[in-house]
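Labels run A, B, C and D following the written order; every chain starts at residue 1.
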Amino acid sequence: MPMPCRLASRGNEPDTVVRAASARFGDGAFALIGGPCSIESEEQIRRIAAAVGQAGAAMLRGGAWKTRTSPYDFQGLGDAAVDLIAAAAAETALPVVVEALCEAHVARLARSVAMIQIGARNMQNVELLRCAGRSGLPVLLKRGPSATLDELLLAAEYLLLEGCRGVVLCERGIRGFDPSTRNVLDLGGALRLKELTHLPVIVDPSHATGRRSLIEPLVLAAAAAGLDGAIVEVHPHPDAALSDAAQAIDCPTFARIARGAARVLATLTYELSA
Amino acid sequence: MPMPCRLASRGNEPDTVVRAASARFGDGAFALIGGPCSIESEEQIRRIAAAVGQAGAAMLRGGAWKTRTSPYDFQGLGDAAVDLIAAAAAETALPVVVEALCEAHVARLARSVAMIQIGARNMQNVELLRCAGRSGLPVLLKRGPSATLDELLLAAEYLLLEGCRGVVLCERGIRGFDPSTRNVLDLGGALRLKELTHLPVIVDPSHATGRRSLIEPLVLAAAAAGLDGAIVEVHPHPDAALSDAAQAIDCPTFARIARGAARVLATLTYELSA
Amino acid sequence: MPMPCRLASRGNEPDTVVRAASARFGDGAFALIGGPCSIESEEQIRRIAAAVGQAGAAMLRGGAWKTRTSPYDFQGLGDAAVDLIAAAAAETALPVVVEALCEAHVARLARSVAMIQIGARNMQNVELLRCAGRSGLPVLLKRGPSATLDELLLAAEYLLLEGCRGVVLCERGIRGFDPSTRNVLDLGGALRLKELTHLPVIVDPSHATGRRSLIEPLVLAAAAAGLDGAIVEVHPHPDAALSDAAQAIDCPTFARIARGAARVLATLTYELSA
Amino acid sequence: MPMPCRLASRGNEPDTVVRAASARFGDGAFALIGGPCSIESEEQIRRIAAAVGQAGAAMLRGGAWKTRTSPYDFQGLGDAAVDLIAAAAAETALPVVVEALCEAHVARLARSVAMIQIGARNMQNVELLRCAGRSGLPVLLKRGPSATLDELLLAAEYLLLEGCRGVVLCERGIRGFDPSTRNVLDLGGALRLKELTHLPVIVDPSHATGRRSLIEPLVLAAAAAGLDGAIVEVHPHPDAALSDAAQAIDCPTFARIARGAARVLATLTYELSA
């Protein structure tokens, strides 16, 4: 079955560099995005913004409206959270990415952030894709837990056909059969994706594994494999996080990961220059 | 991990009967829904409505806005299709179910049909769930291709918390590793679901298998297993269907399936009455 | 990728009927195999043999050497169990099927039983397949938990190339992502398998679901779908079974299932004869 | 469900170092195993042995008896191949690992090689596990394509209970739903495995992806993640390989991978020593 992605397919294209304010994806560097699953308070997001900025992150993430599996779980602070993260970002000059769940969120975010995230649960929500594609912002598009690479590229095609300013693809774990990890990080699939498309590809080891202890090795692995970046959940006090506590890392760990990824990246250019 | 579905869980509840105009789900009968993947023309939907009505279907289905994997595939006739199916249904006194992809669709459907469908791709689109839950109509909620039973029940909980008039759950195939069938019909999961919830559970063998030849045996299987019904794609000329041609059956086959399901159902009551 | 199964493929062949002593698979009837996961004692296997024989089972099953996931679990009574089940079968005139784990078991079974089982864990143990194929006995070949239909047919081809007297294929559940059931019974796959091969196809709902309450509806479903039979774990006191207790049913339930399957089967011939 | 692996579980144990002649697994280095899927000729295996030895490989692999999905595919040269690889290894002083499919193979290999491989298809072939555990050789145990980490550890427990001299675990790809890659390399699972056990853990990106172009980035990823090594299929003329041609790399690529892995490994110790 041919899957003709006229705009998203690699064809003979070189890597596309996607810009979100000062952030760059696909330029050969390894872009780290850090921040909390949920924006919880002014102090929380300011502390995280300062820490991830100092560590060299390319962007700050934070959830405003959460699409939780259970309606009884914390659903995010909503519009107020957008103001909080926008203010925190302004202090640190970090560009911000926030997930939108519906058209109203897209409109709200278009005024305040540098990039819109479409989450894994909405990867094939075509109305949302079309709306985000027309927003004037680049989009971070997460792979659904049972989406093939072709399906992910076709979702990107929905964005690009609306004139989307840039699309960054994110592998965040596919559904697996073993409860040992929350999902399965499909690193091989992410690498194959880079062959199929000119768009940048990053990974989300936080959602992929659901385990704090596995974040650092998997970010280093993604850097060594030549992917374009990673998005990681960071919290000043991970165990006290209102959502996804088990997979959040603290700020010093984020800084150590950033240093490690930079060192790994440096080894990759050795062979070419040697 | 406890998943407290206060409203959707079985608890000590008997089976809930969900009503959509004249249709009943969960009353011990086996409710068949038939109709085309996409509403294509006045003549097409009128012919199908007449045929499935005569065969004893409980409801007529038809797609107006299609959420296709590829943006280059036929996307449905949209609003015009709602008028066509509503008119066809009026002639045959068949209640109608149509899928909504966004809040605007929910508002449009609330004036014209008896039940709203939330598709597998939108099972965790919580904004759409909330909106459909407030629509005043019952909802046919399809299980996502990698959703656990708990996740499906929590999606139903989103609907019920908004006061939804009734929820029918639909197993439509989970993602599998074997391309022999489009998806894997999880009949055991559907049966387990009936133990976990008081809501009616039906199956969709068309999307589950993607193969015309497997529809009839799987509908009979669902009837023999004691599930509450099935939704089947029907087209006067299956090979000419604008979407999902490989899995559509023709009208005489639908009638034969309806007769077969009725006979199978009759055998289930034998042991009790004997 | 073409998968040329010269011997196992349907081609233009009608259904092959496989005989194991008095048992028949693929002749249009629905053959039930019943018996314990593990043969535990003379009394246990004699009681079960009597009960399943009286209920109309086609064969008696029982495990002698168990291939358990954990080395600390009960591993079966071994050779002694073969004597016990052979004696019990002689009293009831029921043909017996027992699983072999290695070549020595095949040799032992060839003297005592009517059919050899190759379990799901050994579906691609080609040395065992070749040996069982040469044993002079028909083989019950179970699908591995992550085997495609093509892979199952190629495993059958290994048997047939050695001159195997007959192969019955068994769908016993594929690995799934939802712990709600032990595995996922792929009924659609089993039906597709019947289209791809002339060999008989049965299901094993005990291993597929791991839940006692789901056995009866799934056997009736398999009968309604037109498959060739089912293999079910039966124990006089299911909760006391030394292995797979959660999925064993008691003897009266087995008898009720046999009656139900016969009634369902009768409805399938109605359309043809009407 | 508790899975008590008395011998294989991490408990409070430090990493176990497994020795196979001069090879070491689990000592903090990154051990590369290279060699052909199938041993095809004296010249082929000698050339590969020389190349992988020169590149710094820890071991030489090669298939003698192949467990192919289809009985019509090349099944390996058998016993003759063991002589060929043993001779090639003697010239290069490289320890050898070869897969055994049955007890006779274990006996044959015990006289000629340094380590026995149990393949993914035989991970739960308990008779083979017991036999290999008693062989006096260390064992390379591959994870089955649908085995959980607990199941893999319990298979290792079968080996260890027989007194096995050492067990190296290998993640070689789990079954996935996307044909874009042959399987899914579960790198997160391999890392979690290291937490659950004191045994060394390596990866097999050749079987995991089935794509030559993905081998190098995935080996570097495994090194960056801190795993203990990788096993890679190498062939002088990959496109002419008699089995698994699409995933074999040539000898210069293997050498480049070995250099890259060494550089990546060096960066990991930086933080500790800095």
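Please note the rule applied: contacts are C-beta pairs under 8 Å (C-beta built on N, C-alpha and C of every residue); 3 or more make two chains touch, one makes a residue touch a chain.
As the structure is a prediction and not an experimental result, all values here were calculated from the model.
Student: If I superpose chain B onto chain C using their CA atoms, what angle of rotation comes out, to the nearest 5 degrees?
Tutor: 180
Student: For the copies chain A and chain D, give the interface type as same if over half of its residue numbers appear on both sides, and as different if under half do.
Tutor: Answer same: the two copies use largely identical residue numbers here.
Student: What chain lies farthest away from chain D once each centre is taken as the mean of the Cα atoms?
Tutor: Comparing chain centres, B lies farthest from chain D.
Student: Per the centroid of Cα atoms for each chain, what is the distance between chain A and chain D, given in Å?
Tutor: For chain A versus chain D, the centre distance works out to 33 Å.
Student: For chain C and chain D, what's the span in angstrom between their mean Cα positions?
Tutor: Distance between chain centres: 34 Å.
Student: Which parts of chain B, given as residue numbers and ranges, touch two or more other chains?
Tutor: Residues 146, 174-177, 179 of chain B each touch two or more of the other chains.
Student: Indicate which of the five shapes (line, ring, star, complete, other) describes how the chains touch one another.
Tutor: Contact pattern: complete, every chain touching every other.
Student: Where on chain B does chain A make contact in their complex?
Tutor: By the definition above, chain B touches chain A via 3-4, 67-72, 101-103, 121-122, 124-128, 144-146, 151, 154, 157-158, 161, 174-175.
Student: Could you please specify the touching residues of chain C with respect to chain B in the complex?
Tutor: 146, 148-150, 173-174, 176-181, 184-189, 191-192, 195-196, 205, 208-209, 211, 213-214, 217-218, 220-226, 256, 259-260, 263-264, 266-268, 270-271
Student: Touching chain A in the complex: which residues of chain C?
Tutor: Going by the criterion above, the answer is residues 175-177, 179.
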